[in-house]
Each structure stands twice: as C-alpha cells, then as structure tokens.
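So, here come the structures, one by one.
Next come two complexes, and both contain chain A; in the first it sits with chain B, in the second with chain C.
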Partner chain A sequence: MSTNEELSHSLRTFADDCNGNEKLRVMNRDWNRIIHIHADDTQADYTLTSNDGTVVYSEGAPPTCDLRVSATCEILTQVFYGEVSPNEPYNEGTLRVDGSEDDVLRLDFITAMLWEE
Partner chain B sequence: MGGVNGQQNGLRRTIGLRTVISTSAGLTFASSTFLVVVTVGMLMGGNGAWLPICIAGVLCAIAAAAFAELCGLYPNAAGIRVYVQRAFGEEAAQVVALTYMSVVTLVVGAEAYVLSYVLHTAIPQIAPPIWIFLMITLATAANFRGLKVAGMLQDIITYTVVVSIVCMSVAALHHGAFHGASLIHPGSPGSLFTAVGIAIFLFVGFEWVTPLAEEVKDHRSIARGMFAAVILLTVVYSLVATAMFATTGRTVLFGSAAHRVPTPHLAFALTALGHAGEWVMIVTSLFMSLTTFNAGLISVSRFIYASARDHVLPSQFAHISLKYATPDIAVFTIYVIALIVSMAVYFTRSFVTLINLAAVTEAIIYSFALATVASLRAKDAARERPYTMIGGRALAIVGSVLFFLVGLGVVFQNNPAAWGAGILLVVIALGWFAYVRKVVLPRKEQLKLQQKQRRTSRRPQSSEEL
Partner chain C sequence: MKRVVSVSLGASSGDFTRNMVLNGSSIEVSRVGCNGDMELAAATIEKLDGNVDAIGLGGIDIYLRVGGEQYIIGDGLRLAQHATVSPVVDGSGLKETLERTTVKTMLRNGDVHPGSKVLMVSALDRFGMAEALVDAGCDCKFGDLIFNMKIDYPLTTLDELKDLARKYRSRLLTVPFRMLYPTGSAQNERAGDTKYAHYFHEADIVAGDRHLILRHMPQEMHGKIILTNTTRPETVTELKSAGVRTLVTTTPDLDGVSGGTNLMEAAVVALTEKPLADITREDYVEWCERLSWQGEKHVLN
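So, the complex of A and B:
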C-alpha cells in the first residue's frame, strides 16, 4: 500500500525523468498544460505543470486544470514510477483521466516515450 | 470524484451540450448518406422513405441509451472495445473493434468517391481521381499535424449543414408538386424491413461522441446529446428524403442498378432549386464530408496506434512524431489504405456495396452494444451507473435481437451489392478472428511480460530516500 509520500516522490521522479528526456522536451515544447493528480483514497492532490517542454511538480490542487488524473494512491504511484503501463488500469477503469481526448493521448505518448521505447 | 456524477469542476476546457449534439450529428452527416436516402426511398412505395428512417431513428435511440449507460459505466476513450471486453472477453473485443475500424476505412473510400463527383461537378476540369487524391492528402496532412474539427468549428459546420438541408427541403416542397397522400403509401413489409436496415447507415457514428465523456461539463450531456442528435438526424433525413422524392424523378435520383447516380443530392438541388440550389448543396456536401474525413481518418489512425500499444498490431505503428506529437506511421498507413480503397471504389464503382457493408456492420455493432449492456447488468451489477437505460435488461436483449435481424435484412436481398456486403463482412471478421486467435493472443502475454521486464521501476530501495 503506497503512501502519499511515495506518490509525491513518484511524481517528482516522473517530472525529473520528463525534464531529462530531450525528445520529450522537444515534443512538449508547445504543450502547456496543468495536470491535476488526485488520489481517491487518501484525498491527496498534486499538480504537474508542463510549460515550454519543462515539467514542474507542486503539491496541492490547482485552481483550474487541463487534465485530471485520478486513481488510488497505490495505482498512481505504480504508474508514475513506471512500474505499470497506464493503459492497464485505464482500460480496467481503475485509473480515470478527465480532459480532452488529445491531451489524454499526449499523456500516453509521454509514458510510451519515457518507459517503452 | 468530479465528472462521475456531475460537473467536471476545475477543468479549463470543457464541452457543453450544444457541442456534444453537433459532434454526434456531425460525425454522422456525410455526402454518401444521400445515396442511402435514395436507396431507402426506392424500396418504399410512393413517398414513404420517412417511415423506415423514423423506425431506424427509434432503434438508434435505443442504441444511444445503451451507449450512454456503457460510457457512464466505463468512461474510456477506447469505447466499444472496452465495453465488449468487459462483457465478452478480449478475443471478441479485438475482433469487433478491428472489424469496425476496417469498415470505417472502407466507408471513407465510399465517401471520397461521392465527394470527388460533387467537386467534379463544381470544377469539371479536375477529374474525380485527382479530387480523391487531393482530398485524402489534405485530410491526412491535417491529421498528421494533429488538426481536428472540434468545438466551435464543429458547431458551425453541423448547424450550417442542418439549416442548409432543412431550408432547401422546405423550399423544394413549397415549390414542388407535393401530395400528402403519397406519404402513407405503403411498401411491402419485406421492403420496409430491408429499408430500415439500410437506413441505419444514416446514423452511423452518432455514438463516436462517447470519448467526449472525459471532457464534458456535465456527464449527462453525453446521453442527452446522443438522443438529441438522433432526433435531429431523423428529422433532417426524413425531410430531405420527402423533398427529394416529391420534386425529382426516381430515375434522376437513382439512375439504374448497374449505373447508380453518385450525387443524387445535387440532382435534387438542381431540379428543385436550380443552379443556385446546386451550389448551396455542393458547399453543404463539402461540409458534410469534411467532418467525415477528419473524424474517420483520425479515429482509425489513433485506433491503430492504440492497438499497437496494446500489442494487437505490430509495435511500429506506435511510433510517434516528435515534431507534431502524432502517430506518424499509423497516419501514413491509413493514408495509403484510404487512397487504395478510394481508387478501387472509383474504378469498380462498388460504393453501394460499401454502404451496405457499413449499414450491416453498424447494425451488428449496435446489437453488440445492447448485448453488452444486458451482459454487464449481470456481470458488473455493483458498479456505479450514472445513467441506466430505460427498459433495462429486457429492452437491451430485444434491441440487440432487432438490430441483428435488420442487419441480416440488409444483406439478404437479391442483388450483388447486398450479399456482396455480407460476404465482405464475414471475410473481414473471420480474417481478424484468425489473426487475433493465432497471432495476437498467443504472444500478447509474452510481449507484455517482456515490456514489463524492460521497465525499470524508479521506486527507491528504502523509504529513507523519499
């Protein structure tokens, strides 16, 4: 069972990995989005902000967002540590992503490039 | 969480009911639908095309209720693939999804054929094959750049098409020799049954709005939007069918079985409203095809990408363009396939077969959707359902059987374009069935395991590192 600290660390790691991946920085240079991460079971909120190809992590929920990713703390932690493909919980209905279809697809591109190339 | 039961609080870009309706109806409007209107009208006696269209509309409203329940149950962009998987397992889901997407690709070919003749009428100096090449290349370029008809642009296009068709139909009926009595001239029961099945084509794609479940302001908008779109489509097509057969000769609209008129809507507009009407119809037709090409090519290319990510298709199709952030190999593949299909349709003139194929496939997809609702009511009874379809399991089962029967009605006609469509569907479905069973399923678990092994967890070894 993951804790909020682990989820927070997984998100910081994810942001660092994104920023350390030159291909991703190029692809996301004009993808400026605010992503709200919400853990359903622990009610913890975090924000990832993608701006000019750089991803910034912060704690708490943003006032407004472009995408909202929600699941249990455990699933979110596994996804952001790269332990499981987000497609599995997404297709099982245990990971929910609210936002435009294109932005949801972009998140999938990011995880694919980060962990599956 | 937000979005399940009501407002999507905090999301900056959300879609309202107006855009849900325009997207649902807009994906359905296509230039090739006029061929179906004429086919349906020819099967009916007098001017009774409105009757099978209305019956098909009622059936599609039942299907809309099923999709509303399913997308509330599993709000997932993969749509029918996920629903069928939950109800009937992965093998059935993959075969259904792959067959459906193959048929959508073929329909894009039929649409390209019809629109090429529309544009050839506008600019006769350019031959239809060149128009086909130009249109598909342009649509692919937009797809490659990730440009999409959506939001306000979709609203403008759809509502312009509705206003244009309604105004032209009313004006034509006003000027023409319209006799109310001909509206209730009955066709034979067999013809009516077949006509209902073919009329399903007029609603093809209304359910493609379900991926918007993740971006609507109010989740109930999806259900309301689909119902409103089905009603809108029923009214628009009933009206234009009545106007076409009230003002324009059957031979002018239909041609002959061997040489169908590819652009009956232009023939109607010219006959009823003169050259001005014909030009209005050309622009309307262009609008209708724009959303069909855009939605068709984007959906199929993203489906190819998702299938590659899911180890169903070769992994090369999951390649992403860094410049445009689009699945470039999938986009290019669908471009080549669409061009080949369109040219094949042009040279064989087999567009009626493809339209019948789409009608029967859609009827079977709707049959699957309703069967899925019935199955999941038992299998996943405890899961929260923001929307439950009226009539419950009983209506879902009855609806599923009805759609299956009207689908069969389309292919069991005494003409090659009808049974040819049936054979084509069986070949496509069996081909994908063999592929999924012999190639995908045996290696999928192995590939997933390999992928998992390639992944390196970034989780620290001890909690002190957090």
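So, the complex of A and C:
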C-alpha cells in the first residue's frame, strides 16, 4: 500500500526522468500542459507542469488542467515509477486519464519512451 | 473465376469492381470502403469469408515489419480475425517488394541520388522503402512522430525507427488505430496549417503514405518528386496543381484503378493457391515479375 509520500516521490522521479532525457525534452518543447494527478483513495492532489520541454512537480491541485490522471495512490505510484505500464490499469478501468485524445496519447507516449525496453 | 476483395477503412467513394486476366487466370478484384467504420469492416469481412479467394485489408495494417521484427497492430489483427476461412492480407508483403524495387529504379533513372533530401511522412509502415532510400545514400527525415503523433521531432536513422517500434509495440496492440492514422472521411481532410510545411519545403523527394502527404503538404510543392502508393486521378490533379514535378507510384495502374498493395497481395495469394503461411518474399518478387507489376513514373510539370 503506497502512501502519499511515495506517490509524491514517484512524481518527482518521473519529472526528473523526463528532464534528464534530452530527446524527450526536445520532443515536448511545444507540449505545454498542466497535468493534475489525483489519488482517489487518499484524496491527495499533485500537479505536473510541462513547459518548454521541462516538467515541474508541485503539490496540490492546479486551478485548471489539460489532463487529469486519477487512480488509487498505489496504482499511480506504480505507474509513475514505471513499474507498471499505464496501459494495463487504463485498460482495466482502474486508471482514468481525462483530456483530449492527443494529450492522452502524448502522455502515454512519454511513458513508453521512458520505460519500455 | 477467382475473386478477391479489398475491405478498406477508407471512403466508399473509391469503390470499384474490375474483371481482369492475370497470368492466364480470370479474377474479379473489388474494393469495399467502410468509411472508417470498424464494425462495418468486421461485418463485411465476415460476410466475404469463405466466399472469396482472399481478402485485402485497406487503410489499416495488421503488422508493421521493422528491421526483421514484426509488430502487431491490434485493431488490424482483430479485424483480420473476423475471417476464418479466406486468407486476409494487409499488403505488407508485397509493399516491401514493390517499394524497394521502385527506389532502385529511381536510383537508376537519376530521380534519387546520394544526398537527395527525402521527407518520408511515415516509415514504420513501409520500412523497406525507408531502408532502400537510406541504402541509396539519401538524407532522410522520417515523420512518423510528426504526422502520426503530432510530435514535432523528425527521426533521421533506421535505428531510431527500430527503437520507436520496439518501445511502442505494446501500445500498438491497444491504441485505437484512428488515433494514429486517418480513417474514413478524415483521409480527405487537409491539416491546413503551416507548422510542418518547412519539412516539405526542405525536401527534394516526399515519400510515403498518400493520405498523410496530401493531408499535410503545403499548397506550393514546386519541383518536388512524390513517391507514394495508390494514386487516383483526383490525387494526380491535386499534386499537379501544387507544382509537383514528378509522381512515382509504387504500384501500377490496374485497368484504370489504383488497387492498393493489399488488393494486389490478395490477388497474388489467390493466384498462388498456396497457404498464406507458405508464401515467401521470393514468391512476391517472382509474381511481381511474372505480372510485370512495378512502380510507374508520371511527369506532372
């Protein structure tokens, strides 16, 4: 059972991984989006902001967002650590990603580029 | 008489039926466009199954063959599985053969030369063409991320393409195909923005899928060479108006229609009378030679 602290750490790790991947930074340089992460069970909220190719982590919900990712704290932590492909819980219906199809596709693409072998 | 049908996710406005004689055998070839409707395509395949010698799947691939690996397109495979008797092909076997040969011919004719700047709008769906262009010494930009995923990042090497296919393989199984490639009426839409126009302006040759080229190309294409697949009269007119110098098609005109590699591959499968699994790349090469199927060059301006 993951805690909010672990989820927070996974999100910071995710942001660091994105920022440390030069290719991804270039790919995302024009993808400026605000992503709201919501843990359904603990009601914790976090924000990832992608701006100019850099991803910034912050605590709390954003006033508005382009994408909203929600699941249990455990699933979110696993997804953002790259331990589980988001495909799996998404297809099972235990991970929700609300936003435009293009943005959902892009977020999924980022995770594939970061973690798939 | 043998009968083969292409079931396409493209628009039904391009439908046709032709009777032709290929290698001494009478064969009816036809196309049924399903306007992007996956359920209609599935139902059409079920209806044809067992009643035709082979089915071609148009507007969608079953497999991407990249660098010796085969990756499954989930939506394509699920459609193909609606047939249990008639073989279903997506044209990828024949495409590989015809497109490599066409590039080699262009090299001989001087339409392609080492250093030619090539924009290939998508390469994962025609890796054979990409390899042939790279082998010819062309300076290639592959637009798979740009035109399929709206990520402004050109790939420039075959290794990058292989890496993309490998990393994205699990997503190919589940991402709805329409999110990666225009189907139905979306095929006739024009992007109408200039964001990616510079990639076209910088290229001597624009290669790859016809729909992606037409969707994104700028209005002015003066002096360019276009290397693409099936081409219809209205497409030729559009390219000519844009100033395209030369159009090279990877497939021949078949009795006034441009059938697409899936339909042609279905015809070969019907003619060989071999089980689909036993048909090799060499068979496709041999049949293309036997039927004199090769790309065609059209000088437009």
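The rule is short, and it goes like this: the second predicted complex is superposed on the first by the 116 of 117 C-alpha atoms of A that agree within 3 Å, B and C clash if a C-alpha of one lies under 4 Å from a C-alpha of the other, contacts with A are read in each partner's own complex, and residues count from 1 in each chain.
By definition in this document, a residue touches a chain if its C-beta (ideal position, glycine included) is under 8 Å from a C-beta of that chain, and two chains touch if they have at least 3 such contacts.
None of these values were measured; they are calculated from a predicted model.
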| item | value |
| --- | --- |
| Partners on chain A (chain B, chain C) - clash or fit | clash |
| First, second, both or neither for A:G82, with chain B first and chain C second | first |
| Which superposed partner A:A61 touches (first chain B, second chain C, both, neither) | first |
| Which of chain B and chain C A:D102 touches, first, second, both or neither | both |
| Chain A residues touched by each partner, larger count belonging to chain B or chain C | B |
| Segment of chain C intruding into chain B (one of 93-101, 255-263 or 291-299) | 255-263 |
| Residues of chain A contacting chain B in one complex and chain C in the other | 23, 26-28, 31, 85, 87, 91, 101-102, 105-106, 108-109, 112-113, 116 |
| Chain A to chain B touching residues, read off their complex | 5-6, 8-10, 13-14, 17, 23, 26-28, 31, 34, 36, 38, 40, 61-68, 70, 77, 81-83, 85, 87, 90-91, 93, 96-102, 104-106, 108-109, 112-113, 115-116 |
| Parts of chain C lying in touch with chain A, wherever the complex brings them together | 145, 149-153, 166-171, 174-175, 179 |
| Of all residues in chain B, those that touch chain A in their complex | 1-3, 8, 10-13, 74-78, 82, 85, 146, 148, 211-212, 214-215, 302, 309-310, 318, 320, 322-323, 325, 383, 451, 454-460, 463, 465-466 |
| Of all residues in chain A, those that touch chain C in their complex | 23, 26-31, 85, 87, 91, 101-102, 105-106, 108-109, 112-113, 116-117 |
